[in-house]
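Following this line, the structures themselves.
Common to both upcoming complexes is subunit A, partnered first by subunit B, then by subunit C.
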Partner chain A sequence: MFEQLTDATYENRIAETAAGVCIFIKKLCPHCKNMMKVMEKFSALQPGVTLLSIDVEENKAAADALGAERAPTTLIIKGGSVVGKKAGLMNPKEMLAFYKSV
Partner chain B sequence: MTENKIKNVVFIMLDTLQFNYLGCYGNKTVKTPNFDRFARNGILFENAYSEGLPTVPVRRAIMTGRFTLPFSGWQALSPDDTTITDILWGRQVQTALVYDTPPMRLPKYGYSRGFDYVKFCPGHELDHTTYAERTLDPGMRPIDYTSPTMVYNEKGELIDDASQALLDEIDCFLKFRQDWRSEEDNYVSVVAREADRWLRDVRIKTRPFMLWVDSFDPHEPWDPPSVWQKEPCPYDPEWKGNPILLAPWTPVEGRMTDAECEHIRALYAENIELVDKQVGKLLDSIRDQGLWDETLIVIASDHGQPMGEGEHGHGIMRKCRPWPYEELVHVPLMMHVPGVAGGQRIKGFVQNVDVGVTILDALGLYQEINTLDGGHGFPVYGCIDMQGKSLMPLVRGEVDKIRDFAIAGYFGMSWSIITEDYSYIHWILKNASQRDYTSQDNPGKVTMENEEMWSCTAGAKQECPEGDELYDRRSDPFQLRNILGQQPEIGEKLLEQLKLYIGELRTL
Partner chain C sequence: MTEERIFDLVILGGGPAGMTAAIYAARAKLNTIILESNITGGLVNATYTVENFPSYPSIHGMDLMEKFRAHVDSLEVKVEEVCEIDRLELGGPFKRVITDEGTYAGRAIILATGRKPIPLATPTPSEQVHWCAICDGMAYVGKRVLVVGGGNSAFDESLYMLSIGIEHITLVEEMPRYFAAQATQERLFSCGKAVGHTSTKVADLIVENDVLKGAVLKHTESGETSTVKVDGVFVFLGQHPNNELFKDQLELTEQGYIRPGQDMGTGIPGVYSAGDINDKPFRQITTAVSDGTIAALAAERYIRSQGNVC
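Showing the complex of A and B:
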């Protein structure tokens, strides 16, 4: 369900995304796995949103550029720009509220 | 089949009924024949734990079927919460709340929300100031109802602010109680009587019902019949001091003697005897009215009570510290389930958050829907936000257990995990630099900022011990010997497991 971005591809991919969420994750992080489940439930509540992910350990340039200091960090992308960023956990309802608020 | 046998639910919540004060939980002294009979003929859960303490979060968890510990503590119900009464609205099942638990009725808290019938019985703690302006019988002086040494020092001065507050509080209680003439006027007697009155005279007899009886007894004040009859307390007849209606909400050291703590526990035990008697009468009435075989009856408590040293309270009196020790968080939970053979003692972990879900499931109304239009143009609510698990498969023997462990704690201040072998307590306030994921930012301080009140106890302080604690649960269930120094790896694993579970709950 998630399209994985890298240091090489993230900039262009975000720029061409009209509506999306991008999550910074670490491979072995259980909190990240839970957040990905949250994203999937969220996308059922808000169809048409592209789901993107970036491995923060393998893509430090992307993480730095986008200000992701921890995993999980969630970005909201609208009209090709990052309009919101939150670190930590939330549930699908909070995710939906966050998406709508930015 | 058994599935259709349950038409009604009676949920009896007793505040501060400590599990190990009941005969059916092993106590050899306190007389609880009615609870014991109920457990013998029904289902008793040996390892039930309340997840978020104290009073208000416990009830919110039951009403919403959601854990509170990752989210918030002593808070009102919000419009975003979906409660069992919200879900039962527009259904055949009529709902009633008969209660005297004042925290549920705090201004703007809304815990009586959605019940078809609500009866609040006044005067218990946090509703005591309602009576402050009455004139008190001159023969009743507050200082006669507590130990003078808890209030005055050797020079006859008040020891601290807690002293005067204590006397003022006792004064209010006396102003209410001066009208009591017999044990039938005690708080629990009134609640039980009002609940029975609803059952016999008020409810619509052609519809199923869900009755929630919430008795604040045996929560302090410690006011069993012997205090008013001016007789020795049957559980401490040699006591020569004053009755102790209330004690300061402080650590006991230097303030209360062992004998005083023991007497408090004796008064508390006598209160439990009265609670048992009155609940017994209510149960008998349910049977008498022909409702026994079609009604799920759940008896539970929200927490125990720290009352002294060691296993009695780890050195504090009343819930004046956010410490989730066994005597507080391990709770009694018993059920009578029509269609299910009684005499079961279930060992698997269950939590208070499972009770609300169970009530709906038993009524056949656990549906994972959440539609805005039930077909008639108004909202219909379902259980889609619930995190608790129904206990019905467990009591019906369809599964062996529903949880591998339990959690307990005070939001923003302390978390603990309880497994069969160990219990581990993590102090959030002290370790706020760890990534505890209770909020986006600093876990302990920020999340507590909006909670002016987190305990019913006025002098409560947010003080926690220095370091985390690990206990061998089989040999030390009441957590008296911290073994974290000797087994740090086990502690580390449990802390990890605890954080992951809280994190997981945070995402549901």
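Showing the complex of A and C:
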């Protein structure tokens, strides 16, 4: 369900994403697993949104460039640009409200 | 989904107790579902290293819980994660769980809701207060951290944070002694990058322009205060029972835990409890597994005595 981005691919993939969310994760981060499940449920509430993920431990350049210090950090992408960023947990309705607010 | 879905057994909570119960229930051919408000694994997910579960001398908590989950999935138990539960109805022949996505009804229910971390209460709040070192430790690489708590979690997570490059750890414990395993205490304090203080609590946080600058520590016996410069705080003070959904329907201990019978029964026919939500002297993965086993076997016996298995 999630397309994984890397240091090499994130810039172009974000630029070509019309509507998407990208989550920065770590492999052993339980809150990250929680947020990925939240985003799956969010995508049912907001069809057509592309789900992207970046492993911060393997892709430090992407994490630094996009300002992701904590995991999970969620980015909202609209029209090929990052328009919103939030660290920590949300439930699916909060995620939807955040997506619509930016 | 708006219609009521009926199962033999509904398990509330997908930690080690709930997943063990599901395995036993599924092998007894009970139509079973786990309803979990976050993700399966419970508090064990946030434990960086588990060294006392018979099988692995050392394993990441999340890896261990993924093995539990793989076993559950192999038995085709239904699991609903990130499930917002509104209320429970525990009386009657069917036990109902009303969620934001519909109602789940079981001929029996196992309450395995576990516990949640106790927050740090300080007059000054800060966003730089955390409960998960794996999630948030990275933000403090090269910086100084305060760890609140003197049990195994506090020490284990401190060792993890030093391993990823936290510069220094100050650890405070309110009681006169630490409670972590002696070997873990020695491992942390012998590394030269951590100091500890017993009989010490966090009186307040020092925050300037929304940035944490330090903490005010207070000795619980002398009353003396001191300040320590830190960039982040990690709290491992223990947990509160997750009993909001049933505290008005079940008799609980003063601390809010369920006091089950030997068969994990709660006194309400068809309602069982398992894991950290139970009143017990020791809360470990192994004791949760035991509770889950007993609750599932007792629930099976109850369900079959009622006839009409799903």
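Simple rule for what comes next: the second predicted complex is superposed on the first by the 102 of 102 C-alpha atoms of A that agree within 3 Å, B and C clash if a C-alpha of one lies under 4 Å from a C-alpha of the other, contacts with A are read in each partner's own complex, and residues count from 1 in each chain.
Here is the rule we go by: a contact is a pair of C-beta atoms (placed from the backbone, for glycine too) under 8 Å apart; a residue touches a chain by one contact, two chains touch by 3 or more.
Everything quoted here is computed from the prediction, not taken from an experiment.
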item: Room on subunit A for both subunit B and subunit C (clash or fit); value: clash
item: Contact breadth on subunit A, by residue count: subunit C or subunit B; value: C
item: Contacts of A:81 with subunit B and subunit C, given as first, second, both or neither; value: neither
item: Which superposed partner A:56 touches (first subunit B, second subunit C, both, neither); value: second
item: Partner chain(s) touched by A:4 [first = subunit B, second = subunit C, both, neither]; value: neither
item: First, second, both or neither for A:12, with subunit B first and subunit C second; value: neither
item: Which of subunit B and subunit C A:71 touches, first, second, both or neither; value: second
item: Which of subunit B and subunit C A:32 touches, first, second, both or neither; value: second
item: Against subunit B, colliding segment of subunit C, chosen among 164-172, 218-226 or 254-262; value: 254-262
item: Intersection of subunit A interface sets (partners subunit B, subunit C); value: 30-31, 34, 37-38, 70, 91
item: List of subunit A residues in touch with subunit B within their complex; value: 30-31, 34-35, 37-38, 70, 86-91, 93
item: Residues of subunit A defined as touching subunit C within the complex; value: 26, 28-34, 37-38, 41, 56, 69-72, 91-92
item: Residue numbers on subunit C that touch subunit A, as the complex places them; value: 38-39, 41, 45-46, 48, 60, 62-63, 81-82, 84, 132, 134-136, 138-139
item: In the complex with subunit A, residue positions of subunit B that touch it; value: 80, 385, 435, 437, 439-440, 500, 503-504, 506-508
